[in-house]
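Look for chain A in each of the two complexes below; its partner is chain B in the first and chain C in the second.
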Partner chain A sequence: MARREAARLLRRLGPLAVESWTRGMPHSQHESANRIVNSCRRFHWIPSLQRPLCGPTTSGGIYEGQSSAKKACEVQKHTFGSAATHIQRNPAYSELNSDDVSYFKSILGENGVVQDEDRVAVANVDWMGKYSGASQLLLLPKNTTEVSKILSYCNTRRLAVVPQGGNTGLVGGSVPVYDEVIVGLSGMDKIISFDNVNGILTCEAGCVLENLSNFVENEGFIMPLDLGAKGSCHIGGNVSTNAGGLRFIRYGSLHGSVLGLEVVLADGTILDMLTTLRKDNTGYDLKHLFIGSEGSLGVVTKISVLTPAKLPSTNVAFLSCNDYKSCQKLLLAARRSLGEILSAFEFMDHHCIDLAMRHLEGVHNPLPASPYKFYVLIEITGSDESYDKTKLEAFLLRSMEDGLVADGVIAQDISQASNFWRIREGISEASVKVGAVYKYDLSIPVEKLYDIVEEMRCRLGDSAEVLGYGHLGDGNLHLNIVSSKYDDNTLERIEPFVYEWTSAQRGSISAEHGLGLMKAEKIHYSKSPEAVQLMASIKKLLDPNSILNPYKVLPQSVL
Partner chain B sequence: MARREAARLLRRLGPLAVESWTRGMPHSQHESANRIVNSCRRFHWIPSLQRPLCGPTTSGGIYEGQSSAKKACEVQKHTFGSAATHIQRNPAYSELNSDDVSYFKSILGENGVVQDEDRVAVANVDWMGKYSGASQLLLLPKNTTEVSKILSYCNTRRLAVVPQGGNTGLVGGSVPVYDEVIVGLSGMDKIISFDNVNGILTCEAGCVLENLSNFVENEGFIMPLDLGAKGSCHIGGNVSTNAGGLRFIRYGSLHGSVLGLEVVLADGTILDMLTTLRKDNTGYDLKHLFIGSEGSLGVVTKISVLTPAKLPSTNVAFLSCNDYKSCQKLLLAARRSLGEILSAFEFMDHHCIDLAMRHLEGVHNPLPASPYKFYVLIEITGSDESYDKTKLEAFLLRSMEDGLVADGVIAQDISQASNFWRIREGISEASVKVGAVYKYDLSIPVEKLYDIVEEMRCRLGDSAEVLGYGHLGDGNLHLNIVSSKYDDNTLERIEPFVYEWTSAQRGSISAEHGLGLMKAEKIHYSKSPEAVQLMASIKKLLDPNSILNPYKVLPQSVL
Partner chain C sequence: MKILVAVKRVVDYAVKVRVRPDRTGVETANIKMSMNPFCEIAVEEALRLREAGAAAEVVAATVGPAQSADTLRTALAMGADRAVHVLHDPDPARPFLPLAVAKILRAVALQEKPSLVILGKQAIDDDCNQTGQMLAGLLQWPQGTFASKVILDTEKQKATVEQEVDGGIETICLDLPAVITTDLRLNQPRYATLPNIMKAKSKVIKKIAPEDLGVDIRSDMEVIEVNEPPKRKAGVILSSVDELLDKLKNEARVL
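Right, the complex of A and B next:
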């Protein structure tokens, strides 16, 4: 495109209008864009109340001795998206009895011990309805001491435990596999302190991420992470799974942002590492063991985290590219040109957009129904509204001239920006609505990242739809394969191919979601035997009775 | 100051002139400023060749059986700046014999086995001449396999080992305490790969930081860390000590930047965690165990690290403030106003400046000899030279109007910027020239950070000079106490007071330097007994014979 033409189109950008640079939209489309009033930028996950697809319901009382264990043994025989077919209930674990329940009531009170079938059923199943257990007890501690007493007791009694935050995980890490006692952290949701000079937040693990986000924003700061599930997920779960999300490209990993933790170990020991210091090289930095270990080494109870200053200017652009190579080049150009103000670089293929348009209410493709194969969402955040916007426009102008961008729009107000984000964040929600979704979360060198999507499409033909999207700026692909129902044939064509392919690229089979139950037995695709062995040794050191989140993260064979 | 007056003075800033905003400098001073031609921004540490202040020399041959061990037992009886008085040589360690040396020659060749007294003597003592050991053998492996063979052998033979990088540490962590075999990594200095799309550098541990810095800068990137010792320190040592330094405020900790490591464990096992992925949640993230554990859990042999894009514009200002409160307010204002382009915020009290002027050659106070109590160095790095400079000037103008800044200059060229940095980075070098320096590296909440300096000054009176400086943006104080010679009276007035005071503020007694030998026995001032116990358990798990860097990091009582 000639520079003059591109400049003319950029100048046409008016207030409160979503405009295409390369062609004018029909008036009705403008209106439609402006009608989208979505005051909340992100949506909430609602934990699914539907019954698990596989495994029995959890009806039936407890205290039936062998019968409850037998019932539990029926579950998890078959889960799709990496089957956990061969896992048997570990007979070393005790079964819950009435004395146990009495003890828990003595420390937590009646309200802290949930046996109500419906409430326990919700906690037994993940939000996708894909992983389910048969726990008969949900405990709701109110403070660290109660967590400590629970774990100390369970460790002595050899009762297996699954810690549960917002239960928004995607790999079956936050629900029981058999009859593990569920320890829900939702009652521990207090903000302990906020240092508004240094931006250091200290809070309990059960705080919902969005609540923390709102709180620190009022103080002029932002949380260093943001993800689609923010309305339900807990900060404790975020830390325990080392959640990545949408701000990773700017603010990096929680290993960098988390300053301190309080953790309860399997034997009930309270490990106080809750410093609020930016730098602390006093001995081994133990907190990192608990960031991303998915509750299998300890239960995170308190967190201190560094929150970046909230910058006043945010701009979001929604762009299309003709090919994947252009997306890559655009990323490199954005890093160079937008540098310090780049805060998100997300990509989606057109299958994702089509799916989002079909299944998400109230969202709207800001670009004309199109022949474009790829879409990119770029967000910049800085301290100078007009300068930042000028910089973004200049960058986009150059990118169009260089042929990297085919078409695009810059959001003119918060509702348009919300719409752009809603498309990107809604893909996961839209996928689930198709019926069955096989989800993979891969780190792959950027230049090869889309190859697996195309190869998978060839392998599966018409039997399923293959979606590729994710955090391109972090080399993180979300590969979703959707079809009307789960079936073994499809799974066999996906796995182990997807893991073998990723392993061959020295990629990671779990970029930001964790291994959970889904991929515990797949760890060797990304980790050396020596590394897995050391992980197992550390697990045995910290949790010798293996009561914490069993069957997850590590293969049974090494424990 | 009136806005008009401040603006007028700002306008006076001419090219290639260092100017004070509040008053004109004499012409000779301008000339002097312009004469400072220092093409290299940072200086190099030269490992000291002087004899250790305490302990015997290492003269005398090896293979003398008991005699060498006895000789070794004489050393480290007394080191100042946290005495290691009570540590005895661990009799569980074997003594080196001629068979050992023959074996090492068989795997490393003659050149890899150094017995020359002068060369070994240099490796036995730290650059300050403060900590010294009596090792009789320096091994120089050329690759990971050789490191593995060395450790495997030493583990079997129970020979204690000290891994050594550039030997620029400040806490006695990189030199032997007794007769440990020194494993120097300087022969492993290859750059393995550089991904110039994603800015991911993979290299061997013995690469000198400055060499890496130059290499990636040629590719359009920068190293995420920078420190005064860059000309000598190794990246492996930086990782093993979790070095902080001057870019921490912008790019954070190595826990966030390091993507992968290769580490050799005590038994010779090579642990391959050398991924180059930004995100990897596949199992426990073991690499964090080795970042900051000071070589006591394994020897880091390869590193992959994320390097940020090099931004074209850097500006440096050197300012004075009338009181510490103004420094704090200036920090807060800088975070708000400079936000995404702030890349350093360093502070120094006037004692530091006076000392630097007395002892450093070729440096020059860019501000008039003054009544100011505090000095602040601010660096901004961004992508737009003129915009960034305008922004900095506007910020400084406001800060002067608000009374936060008393006087200040912006460097007009690289040599002036180098001079500013040389003052800040030269304080450590200048301190050593006085004779004796008791060095403390503390993390303390910013609002209380300077209190300890003033309290210490009261405690010591005229007997020593107390300097306070450091990375204010990270809450990291370097407290240096200098006098003509070490003496017990001074030490007793400093310790344990300095640790008790820091502990009372929930601060860290080791912000970025590590514990080393100096503070191994002081760990309880910053860490809970449970945490120290877990550290010890991890040490025993990874190094059951305790051959790696003994007497350091953890108290002997827990091992």
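Right, the complex of A and C next:
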């Protein structure tokens, strides 16, 4: 009876009950129910790998991607225009031949060299189904030595290479543009060691973030970052893209949490900087070059990261505000009243909520009666449950009296809290289901953050729906424009206006998503020419043959 | 008309439960505790009945240690009018079983004199599914268990309950006062909204000791050991029917 009950309860509570609750709480895994609930949410890029069942999920996206990937040989890019079509394949790169494949087989074994059409097709397309390459070879090294041999060979042969982690990036940085060889690190998923006194985790780059979270939580710690893609993304990819995420406001950037790296350079040199020391002021801190360089300066193979202690109590509130100014003032008040226990401050507009309700399964609106314009999700994490809850309630009641908050609910148990997070994390997933989504990830001064959303609404009118949501606590807006299909007209109305506007505010055109292919030619909107020149010099120094992730990150003109 | 709702503080549904290293019970230190999901449904049903005009007052009650007051506060924040907290510190070696809970609730019910007592059908920590039925027996009241729908007729003082039974749905009619236990499909519990949380601060929680109720809750059972269930062995993929027959005959011995 009990198991049947669990299954029924889970069907009722839906995906939110099996969602792994990684925000400072132990979580549940009702395995049999997982299968029932998650059969439609499964995210597979490489079907042969076992993986927990959360993460970026969209059945629409997957089928789209696979069908377009099958056409990869004829269609080089599945994009709708933009920078991609202006880049020609660099003739300096060699083309793959059978000798190369034989060599790879000799160092990686038969299993490490994948030429199977279907598997390569999957690795050729990004998560959104927006970027599609034409690679014919996927390599799966199992250790750093193999990575080193691959790169050394490719450097000599001048074969371009794309390092690939979980392939969940949003700017086309993880898939080939042309026929670059894909080096997938999913086979390097060992946890090497964990210092459970200091919370220092050392692992290989191919570990899935969610698996690492589960592991360290068992030990009483948490990963310093958390994102919607956690079920699929690799820590190596997170580090290479300096991923931000939902815990950024509390635990800061990976530049601060990563203690050491092992990186393989373009010529195969293994750079061992895998220290677990908190403090080490000996020489230039090279790891920072690789954190955020999106695989263009080296392939990250091992990481040591500082994990914060898991605090027992988490409380989540879902609030509605009348206007954007209230959201801002609420942020300021939250920093003051909840300061040391504030662990997330996310905002979304009502368009996002409507979209989430329409397209996500198993979610229900916590504030159905509210016709409000803006919603805020606040999470606090501390060591004493009732003390924190009292603090949160007092803060929210004060905010209500001050008119900052129009209405709100506080989660009474983990399932309710998961529901709130599901809504926020599911906006991205829901937007992909509409058809086409143009994603922009901008850092803008908080006072002006929402202005761009309204401007875009004016510019696009009825042709597309504009969603504004993001990490308000970090000044990071995720501007998503959804419509039924990709078309160049809509794109023209969006770009370059969005970038110019952001540049005028001295903001960043890519707060956390990186440049990848999508914004490879756009760096000048946020960085000075001198800085870009220096970046190009560093690139040429570390990768003179430019084999690592070509056509991306920096503009072609400076390389 | 008054409705009494009994709620229980349990390990949160989403927590992965572990056995304590000394095997005396389940790990509950530093673990998130919440209201039992079926009890949430019970509170929600009581509130809906009150909103529909069938009841005037909803009283939440619980039996447990001091921290159980949090669960009562949740019930109050959802909208209950007041609460009764019977203080009892659990002893891990002597489990606090449904019969004792039922005896206490009976005493509370005789004091409060509700027309309806609503409980969750079972608690997710012990899965006993006994308290409601025992309470009805002790009170000599009719019971509608596994309710997936409740319709109150205050004029005729009857309750029509649709019960979820293994064969389908059974509809029964109860004379009030009665005991109802809630099943999953009865309703979707509401969230605790800020205005209600604010109002809840001024609501009364009455504290009582079991002795005051004249109830003897001595437990006749003793916990010897608590263990995790044995790990499931991996399945074996067989390559032929002959192999299957061989295994069924010689290993499983079912042929």
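What we mean here is this: the second predicted complex is superposed on the first by the 476 of 559 C-alpha atoms of A that agree within 3 Å, B and C clash if a C-alpha of one lies under 4 Å from a C-alpha of the other, contacts with A are read in each partner's own complex, and residues count from 1 in each chain.
Criterion: a residue touches a chain if its C-beta (ideal position, glycine included) is under 8 Å from a C-beta of that chain, and two chains touch if they have at least 3 such contacts.
Predicted, not measured: the structure shown is a model, and the values here were computed from it.
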Exercise. Classify the contacts of A:V446 with the two partner chains as first (chain B alone), second (chain C alone), both, or neither.
Key: first
Exercise. Look at A:N480 in the shared chain and tell me whether it touches chain B only, chain C only, both, or neither; answer first, second, both or neither.
Key: neither
Quiz item: With the two structures laid over each other on chain A, which partner does A:Y284 touch: chain B (first), chain C (second), both, or neither?
Solution: first
Quiz item: Which holds for A:N238: it touches chain B only (first), chain C only (second), both, or neither?
Solution: neither
Exercise. State whether A:S148 touches chain B only (first), chain C only (second), both chains, or neither.
Key: neither
Practice problem: Report for A:S428: first if it touches chain B alone, second if chain C alone, otherwise both or neither. | Solution: neither
Quiz item: Touching A:A531 in the superposition: chain B (first), chain C (second), both, neither?
Solution: first
Exercise. Check whether A:N198 is in contact with chain B, with chain C, with both or with neither, and answer first, second, both or neither.
Key: first
Exercise. Using the superposition on A, tell me which residues of chain A are in contact with chain B and, in the other complex, with chain C.
Key: none
Self-check item: chain A-facing residues of chain B, complex
Solution: 195, 197-198, 220, 241-242, 244, 248, 252-253, 255-257, 269-273, 275-286, 288-289, 291-293, 297, 309, 311, 328, 332, 335-341, 381-384, 387, 391, 443, 445-447, 471, 474-476, 506-515, 519, 523, 526-528, 530-532, 534-535, 537-538, 541-542, 553-554
Quiz item: In the complex formed with chain A, which residues of chain C make contact?
Solution: 12-16, 30-32, 34-35, 37, 40, 67, 70, 74, 77-78, 122, 127, 129, 184-185, 188, 191-195, 197-198
Exercise. Please give the residue numbers of chain A that touch chain C in the complex, ascending.
Key: 1-2, 5, 8-9, 12-13, 17, 21, 25-29, 312-314, 318-319, 364, 366-367, 385-386, 393, 396-397, 400, 405, 407-416, 418
